[in-house]
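Chain IDs A, B, C and D follow the sequence of writing; residue 1 opens each chain.
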Amino acid sequence: MSRYDTVVTNGRVVLPGLSNLAEVAIGIREGRIAAVAEDITASEADEVVDARGLAVLPGGVDSHFHIGIYRPIEQDAASETESSLVGGATSIISYFRTGSHYLNKTGSYREILPEVLGKADGRAHTDYGFHIAPMTTAQLDEIDWMVGEAGVPSFKYYMFYKGLNLAASSTDAAAYTMSDSYDLGHLFAMMETIAEADAKYGARGRVSLSLHCESAELIKLFIERVKNLSLPPLEAYSRARPALSERLSIHEAGVLASEARVRINLLHLSSADSVRAVREIRRLYPDLDIRAETTLHHLCLTYDMLEGQGLGGKVNPPIRTRHDVDALWDAVADGTIQWIASDHACCLEELKQDDLWPAQPGFGGTALLYPVLISEGYHKRGLSLERIAQLVSSNPASAYALYPVKGVIAVGSDADLALIDLEREQVVSRELLHSAQDHTPFKGVSVRGWPSVSMLRGRVVYRDGEVVAAPSGAFLPRPLSGRRQAAVTL
Amino acid sequence: MSRYDTVVTNGRVVLPGLSNLAEVAIGIREGRIAAVAEDITASEADEVVDARGLAVLPGGVDSHFHIGIYRPIEQDAASETESSLVGGATSIISYFRTGSHYLNKTGSYREILPEVLGKADGRAHTDYGFHIAPMTTAQLDEIDWMVGEAGVPSFKYYMFYKGLNLAASSTDAAAYTMSDSYDLGHLFAMMETIAEADAKYGARGRVSLSLHCESAELIKLFIERVKNLSLPPLEAYSRARPALSERLSIHEAGVLASEARVRINLLHLSSADSVRAVREIRRLYPDLDIRAETTLHHLCLTYDMLEGQGLGGKVNPPIRTRHDVDALWDAVADGTIQWIASDHACCLEELKQDDLWPAQPGFGGTALLYPVLISEGYHKRGLSLERIAQLVSSNPASAYALYPVKGVIAVGSDADLALIDLEREQVVSRELLHSAQDHTPFKGVSVRGWPSVSMLRGRVVYRDGEVVAAPSGAFLPRPLSGRRQAAVTL
Amino acid sequence: MSRYDTVVTNGRVVLPGLSNLAEVAIGIREGRIAAVAEDITASEADEVVDARGLAVLPGGVDSHFHIGIYRPIEQDAASETESSLVGGATSIISYFRTGSHYLNKTGSYREILPEVLGKADGRAHTDYGFHIAPMTTAQLDEIDWMVGEAGVPSFKYYMFYKGLNLAASSTDAAAYTMSDSYDLGHLFAMMETIAEADAKYGARGRVSLSLHCESAELIKLFIERVKNLSLPPLEAYSRARPALSERLSIHEAGVLASEARVRINLLHLSSADSVRAVREIRRLYPDLDIRAETTLHHLCLTYDMLEGQGLGGKVNPPIRTRHDVDALWDAVADGTIQWIASDHACCLEELKQDDLWPAQPGFGGTALLYPVLISEGYHKRGLSLERIAQLVSSNPASAYALYPVKGVIAVGSDADLALIDLEREQVVSRELLHSAQDHTPFKGVSVRGWPSVSMLRGRVVYRDGEVVAAPSGAFLPRPLSGRRQAAVTL
Amino acid sequence: MSRYDTVVTNGRVVLPGLSNLAEVAIGIREGRIAAVAEDITASEADEVVDARGLAVLPGGVDSHFHIGIYRPIEQDAASETESSLVGGATSIISYFRTGSHYLNKTGSYREILPEVLGKADGRAHTDYGFHIAPMTTAQLDEIDWMVGEAGVPSFKYYMFYKGLNLAASSTDAAAYTMSDSYDLGHLFAMMETIAEADAKYGARGRVSLSLHCESAELIKLFIERVKNLSLPPLEAYSRARPALSERLSIHEAGVLASEARVRINLLHLSSADSVRAVREIRRLYPDLDIRAETTLHHLCLTYDMLEGQGLGGKVNPPIRTRHDVDALWDAVADGTIQWIASDHACCLEELKQDDLWPAQPGFGGTALLYPVLISEGYHKRGLSLERIAQLVSSNPASAYALYPVKGVIAVGSDADLALIDLEREQVVSRELLHSAQDHTPFKGVSVRGWPSVSMLRGRVVYRDGEVVAAPSGAFLPRPLSGRRQAAVTL
């Protein structure tokens, strides 16, 4: 019997605390990292993964995902996590809620969550967890159970559902959310309930609320204004959901969270103004745990780039301008933003079509998580690979109670690895992404830096454009238990 | 022919820029102050008002008033301005809006405003102006006309109407406001329109938006919570509309106003938390013109004081605690708050009755404007009379484009004067107040400092508990014209 | 006997609280304003001053002056206060200290202050007071006496004397100051002593410490650097005493004053950086009474303007750049700076000569106090005349315990008036200024707005370029007694 | 030949990025860590260090040390680094300057630094580097050489030397520093020079200036005051060098550093007020690299504790109160302070004696670096061991260009390890500390947590109270070369 099941050799490894790459080998046993050493020999392992010429990073944790929003969970769980492997992400956390889309029903999460897990079971190529959005008053009473027993310590509130549906094509929000109380009162009650759960269970792992910060009341006004103008559709959409709307929502969230003393995550910041608002509320409420996310598309695309390419790039919040892209990168660089996710939603062309307002928002991007960060962040803006690993892996893992089982290359951690050719250039096409989505707004974008191999719990599951293993992703009940790690608390 | 129509002699006068009282006489001609001098003799005037033993202050400008909200305008215009004279106020500015209460209808202000003016005409004992609340999208188009031609440069938005009626007993807000767009989008559009009017007409006088800062969405949540508790009714009402609701609304107002660049007035701050929020948004938006008001009842009453006295003290925002009263006085002292008004609304006992939730909010207090400030501010907390004259007269007159015709004792200004016995003690009863309201939450409150004489444009209209002149109040088209003042712009 | 000794008629008057000019007459009796009225007739007064075509402002209070610094007190008191009258200033407050210059000696202020007063007595054309700089430890013990008995509630510390003489030509500071303890320790002890005097006597009038904010240690470094460059002399001087030096000193002053809780005045800010530093320390120490001054030369001159004109413009802190001038005006406009003074020091050409380093600093400017403010502030930058009267008269009078006897046109106040032709243009020459100084760095500067008449306590003392009265200035023991004013404290 | 020279087994190891201890073995080869793994067997190594029951932390980096200040460098280098080993510190960085003490001479560092290195060579038990204080203008010209060639990228300025010697017993500072320009001008010039060196060499490692923040001018004042009181000596010393003095100096440093744009380290914060000042300047200058240090004695001792124990505890800045100790721990916990050092200076009893003012300041503490942090930080205040390793090892190593060769347990790093029995309790005596100092102010202090073994570059050099190896410490030319580490920069 060999000492290790697998050894990754010859790579240059991103280790925590080190800004330079280390020339070390990684010994893997039973899916976990058993050794980091200068000189593990091939003979010590059953299998050798030769990482010569590659950088070895912790597998990405794509913490903003939408399995099953527009298609059956069973289908998305399979096809879209395959796309994650392409981009070096080995764990995802998907949002789920009752109401329209997803399962198109409402009810008790004690019943619905098992149904969701059942549909995903056995199909995913990455490990996966869920964030849950309590939509009704009754569901608030299930938060304690979700945190304490169901492995879900992170929740979501959609600030723009108050008077709109997802596409902003209808104002019958109650029909959409299947809730009669989805407003700031509901939000505040949710915050208090989550804060209570954090007080009760937080020692085991962070319990938090994520917020989609846009304001329905402003959006309705600006949609009417934009309809009177003649603008390219994605510019129109950006103006119809202006940054002011994010800024307002972020300040609302700050006031309420500071009163409820709940930990919050501000999702998918899209604009210079939303970045400014995050800085403002951090100064206003210095004792509040406020974390901020942006997406790879907000770091990479502008509506000008997408002009003439249809509605594939419609997303909430919208794709904006170069000025906003630059402001987001500044916020990534100075620490205002803690992590980056894809907000991946497989949204077929038939749901987009040609009419801006009814077109469904969202698209997939998980395959580009590491590629965009390495291309735009490391090569163009000088971010270190250590910082990129934090943004894509360690920080979301920490925020969502997966760390250090996920999110780091350390002895005892799961052997989830992304082996990346830092110099490989790719022009994005939909085929490259391995998603079921039949188009991509990233089409034609050129990136430098592309994963060659993805390893999930010690097994090579993706290599050179091909998935090479049957789906082996497991549900991640959070906080991930210490039993899985060679670490003890004194 | 005498040199002056009237001379006020022997008084100690509050003059602008002087923290000490001046022993000067005031010569009045044609309703205006023609001289301030050490030694005007009785023989120089047709009439002498002997102010021996009295402090002479500029007539109060009670800038938050509700003529005709629950009763016909004709009746309130007469009886309630008489109450103002009792308290030394000689000008009032009343709020008016379409929708429920007031005239119980909606429509164009080009038609409705003349109707309102007609109903008030010839009945008021004080001079009076109106603030207008644009409730519908169509009315936004009338803002330019109101500022430019109709003498109305100040507007109002009610942040808590979004989902509630005035008494918070119904959630059919659209029926209540007779508007289908009364939300933050409407507010933002209004802000932009008012900012445009300010850019166009502001050189003649300040154009601004006043805000009632409470959040309907939070109130709905807290009402439900409070209904499950067994609390004294006014404490219940305070908890049902918590300070958090004001704080949220103030931050929302700050974000939107900073974007629209509109001048705002934050009305009737009621709590320590709302004061804190005002300071916060001033720091966030240092270039924004933000002014703050509180009311005499929030400076004087607590729900503990009113326990067992029924629902007479129900008001929006609610009467709160001693801690809040103290915080408001601190804010008055350090300049966070710029003026004090009564928010006077004549609300009869039959509209209150015994059930907290359907009871109508509001009550009268205009007769106590100077008395409460002198008793609680000057005697108890050491505020100078100069500062009190600013809070009750100069500052609201400046904010609302009446200054310096109103708001100051200066040559050229209207001879509106309050002659006050600083040492006279009174225990408040409803009879004392000369209002049509058949009860008062101030009943039994003891004050030190009481007006003896009120003069409107040079005439004694109130003396020692009696109105001594027929109604002579005139509509104040703002900004008040420079023609009325011996002042020229170079 | 006439009702008034004098009446000023037909003028347009700057009254407190009014941003427009008022067409009122001013009746004067026994040197004080007895009436402000629309219609005082010529027949009511022994003497009529016709102000037709003129604006009437409160006489300037030039609160930064150096009587007797380079010449005998007796001479300066006569000639330099005559210059003040030319510019509409009717009160001055002069700095005095022991050590080099002035009386070139040290000792007890109980002996020296009477000597100073004796030398000035009967010679001045304006009223005058003194600020005193305690230079030695022994003099600190005299602060209580100075405030309580000697009419001196304002003191000074020179932060740059620590290692330099006035001209920065010697580093034997101890010889210069005639003190062996002139450092930040001395400053802190002084601050504590002044704060004690303020606690004891402050109810009668503000007790404060003024600071010359420049750092000797930095200046020595930069002088050495500048000596190696070949620069025009006044640019060299500006670089040798860089704004960094002011910024450092202002922060030092802020730390120490916040600990001692003493009221401070930051004198003659000269630069954008010093303005920034004032804003910073106000934010750091919000409860501290911090007031800021700039001078008319820092608002008007640049070293570029003075190139080729010799060393007449050498002054501490130095004349700087257009960027700094603009920043100072911004600070005047937004309220960062509270008043403007001349820092007048009659420094003859023979003390300047041709060598930058030994040349004595300072020059006269008092005659331009109102002209520069009206020309640059009112005409060019839109400041109101009310604001200018605050900057030149009310605010320094308030800060230094002269208000409202001085600093305002009000019944009961001293009838000190500046009658100014707002449109009269003048090109500055030394003859125009009526100073003994035989040159002026303002030579050739064109101003619009020039005083026609100056009145001191009711008498015309200057008219149309001529002093028309014998010296009648009196010493102003501060705080000026309430007896002199028709005002009572309740 | 064995795979490893040494393996450390059975320990619970503090790894970067992990808040829990990891049960891993550490394989060592040629002095560096070659493997971190779950299961290295004893047979794989020539030598086994059994760490059962011990926590394994990175060897401490005691970055504030004074080799040779009062005794010959040769002696201190031997005896005092032995004391470091006792406390788990395996690297020290010592301050050196010309002037009084140390070598008692001045001159060129090109000559003196080799002399210092020569005296230390072969004697130290730990690795060691030097910080250098440029005292004279001429030495400023050597900064480029020191950074670029001599392995010294960190410098020091003593803000309180301006008018005092080290003991504050003489004001002949120039004689003491052997410099004629040791003031804020010298400091600013030094800052600019260091900033230039950072721009030139900084990519290789951080170039910075450390500051002793106390103000001579204030200290002189307070010494005189304290001499008039009858206080216990160490309380007297604390009052004679008040926290105000630190606060002033920190603000001075902030202003100058923000102008020069130099990286600074604020040494040995001793008080609540100095912590506050650090927070203030960070807010004022958000782009400035400002790091803060405190010492273990300021975290552990109060003057009350030391009353009656003589002058052993005299140190600059002084030992203060419980309130200050608590504020420092708060600052350690919230990240205001980045690292903790000993400020070790071997100061014999004969230099202290009985008279407060001439007594020399300073004492040794290096042996208590980890013990105090574990006892007071980990056990009493709940700091994680990961955080303690940052404070004592990673953070000073990073700040001073030693990281990651020193400061972390990572493959490729030097195998400097502290094996600590977290539960072992010790009462401090001088014998325990292995220093040449013949007394200790920590006498009688009880700590919980004591190092059992110290390893320097893979060798056990200290075990269970005995030094077990000949001196093997090497000079650390900084930045430590990448060649020494298995890491590459891409």
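The rule we apply is simple: a residue touches a chain if its C-beta (ideal position, glycine included) is under 8 Å from a C-beta of that chain, and two chains touch if they have at least 3 such contacts.
Just so we're clear, the structure is a prediction, and the values are computed from it rather than from any experiment.
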Intersection of contact partners for subunit B and subunit C: none
Greatest separation from subunit C - chain, by CA centre: A
Between subunit D and subunit A, distance of the C-alpha-averaged centres to the nearest whole Å: 42
Approximate Å spacing (C-alpha centroids) for the pair subunit A, subunit B: 52
Centroid distance [mean C-alpha coordinates] between subunit C and subunit A, Å: 64
Two or more partner chains touched - positions in subunit B: none
All pairs of touching chains, each written as two labels joined by a dash: A-B, A-D, B-C, C-D
Interface residues, subunit A side, partner subunit D - complex: 3, 12, 15-18, 20-24, 27, 29, 34-40, 55, 385, 394, 404, 408, 410-412, 422, 482, 485-490
Subunit A to subunit B touching residues, read off their complex: 163, 183-186, 188-189, 215, 217-222, 244, 247-248, 251-252, 254-256, 259, 277, 280, 284
